[in-house]
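Input: structures, listed below.
What follows is chain A paired twice: with chain B in the first complex and chain C in the second.
Let's look at the complex of A and B:
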């Protein structure tokens, strides 16, 4: 009887411990990464063309700290992901990651004097959505949302939504279509050719 | 009413009746993703594309047209006309199409947005010198974030995309949005000029617009495995987002 009371008390107090201690973490962590990227882009010693390789390397490091490329690849393949072997999955993540880095790093490098406004954040563990707006020099506003997933203490980006267009959904549409009309192997082949 | 507008009206009525008649049957599979779709892995925004083989041909045609004609012209134009001036021209065209946006705001019950559009028009036409300068938006931060059009209005009434269509020169659209473009055309003052003047003004508008977006299509193509599908999906996602707003 006494034992039961103690267990009850312990359980009761356990429930009082606030569970939402992670609140606002996703936005904070995303901000740190975005700030680091902007800092690299603004560094005067990296502006010359012969420093391009170094700049890309630094950008790649900063971005891979915050982005979960495996989660992106998994979602882009949707139900076809489960059918792949561990080796195939690993290979696919690497190919997809290279494609994204190739095409998006070049685009990021074009941005420099844009302002970023952090608008809103929604957290539904283990997921979060951070809404931002990029304001260009011509004061054009481009909404960019980030979807994040919690990995222990870190929040990792697994999708970027530019003007309402989800990157992962866009690739999923293409991947599924290619697999449907030919095969997974030909998808991998096309990915390889693309990043060559 | 000018001759080409009668044709427009005819097409508008035709597609409208078509969409309304077939809305619930043929096009019911038009799914808009749920608000919490980021929690769900399998949600996909789709559009019916029975014309795919034909659409892909038009897509190819537009691709060639862009690289062989539109891009070189826009590039040459951008070398002659300074960027600020091109933005001014773009502002001018945005300003004169205010009837389109006001009417569609009202049709969607967005009274405040309609007011902001109307006030911006007055301010930009006077203080912004015939709308060349976006005085209201830049200095007073008076701006409607989202340009409303008839395609969005019809969409907000619950009518789906119908089918995906790629038009020569104009690019990606759907049956619903085509209907929207036709309807909006009646509120665009440029269409009330004589036909040859309309075509000339449209060419300038088009070249000017392209010159401000050079490189975007190329970037998109570089990142896509199947550019046709990538653009189709981006178009549908983008329009759905605008309709939901």
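Let's look at the complex of A and C:
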């Protein structure tokens, strides 16, 4: 009887341990990426304007480790995604990634003395939500939530919600509207023009 | 014989009246007498900014369901129960947002359909949500952000 209890207890804790360490994984992984980004931004040897290209390259590498641009593009195109050929999908993901880079990389580079507070995390495998707050120098708080999806051992970001507004939904509405009023081809055309 | 006819007529009239009254009260009160008309989905929001049960659920401005109930979860978020019409399938990457009709109008739930192969079934959760945008909060942020 006593032996049975001990075995049960040991088994219980054995099962408990992996669950515990696993439960904080999304936030941990996101934090590693954000820290890497901040490190690049703070590096004094990359501050000069002629190093800008190198800095962007490094940022791009770090960010694409954590962000799943294909999932983002897929979600943004919504039901029009399935109608595309493999080649078109590939091309669209690349366009969408470049569009996001053009839009957000410059803002990231403007980083000065913001603090990032990791508030909360919710996990419903294979999905997770990590809530953060960016506090600017003037102590304005900007809530930024990350939605992540599990890909084997990695958690990848597929949506960013800033001030309650979803990035994917923002693009989804615009894309669907453009496709409805003209065509997919004209959406690709517009994106190309935008990122030139 | 003639007297019975009149009484019968009055009886039929009264019964018809009762049925009409019943029909009106069911329709106006939005009661569900003949069972559920749609399937139920749950959506969790950070803030719903005064969304009320009975508010409409819309896709592209078309009403496709309504808010059945709202309750507070243990994490202090709002869990909204939505009833969606059976003829409107939704994908698991559809996004539900709380919107306002006009600038100060009533709140409603807007859904932008997704493109996933997985359709949501009765009782499933709409994972992707956007909470009500706090206009006053944004305004104050904008104002304070400008002060240096």
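Here is the rule we use: the second predicted complex is superposed on the first by the 175 of 196 C-alpha atoms of A that agree within 3 Å, B and C clash if a C-alpha of one lies under 4 Å from a C-alpha of the other, contacts with A are read in each partner's own complex, and residues count from 1 in each chain.
FYI, a residue touches a chain if its C-beta (ideal position, glycine included) is under 8 Å from a C-beta of that chain, and two chains touch if they have at least 3 such contacts.
Keep in mind that what you see is a predicted model, and the values were worked out from it rather than measured.
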Should the superposition on chain A be reported as showing a clash between chain B and chain C, or a fit?
clash
With both complexes overlaid on chain A, does A:56 touch chain B (first), chain C (second), both or neither?
neither
If you stack the two complexes on chain A, which partner ends up touching A:172: first (chain B), second (chain C), both, or neither?
both
Of the partners chain B and chain C, which touch A:31 in the superposed model: first, second, both, neither?
neither
By the touch definition at the top of the document, which applies to A:163: first (chain B), second (chain C), both, or neither?
both
Comparing the two partners chain B and chain C, which touches a greater set of residues in chain A:
B
Just checking: does A:80 make contact with chain B only, chain C only, both, or neither of them? Give me first, second, both or neither.
second
A:89 contacts which: chain B (first), chain C (second), both, neither?
neither
2-10, 38-46, 182-190 or 200-208: stretch of chain B that collides with chain C
38-46
On chain A, the footprints of chain B and chain C overlap at residues 75, 78-79, 124, 127, 138, 141, 147, 159, 163-166, 169, 172-173, 176
Quick check on the complex: what are the chain C residues that touch chain A?
46-47, 75, 91, 93, 95, 97, 112-115, 117, 127-128, 130-134, 138, 141, 144-145, 147-148
Residues of chain B touching chain A in the complex:
36, 38-39, 41-42, 44-45, 87, 137-138, 145, 219, 222-226, 229-230, 232-234, 237-238, 240-242
Please output the residues of chain A touching chain C within their complex, sorted ascending.
74-75, 77-82, 122, 124, 127, 136, 138, 140-142, 147, 159, 161, 163-166, 168-169, 172-173, 176
Per the touch rule above, chain A residues touching chain B in the complex are 75, 78-79, 99-100, 102-104, 106-107, 124, 127, 129, 138-139, 141, 147, 159, 163-166, 169-178, 187, 190-191, 194
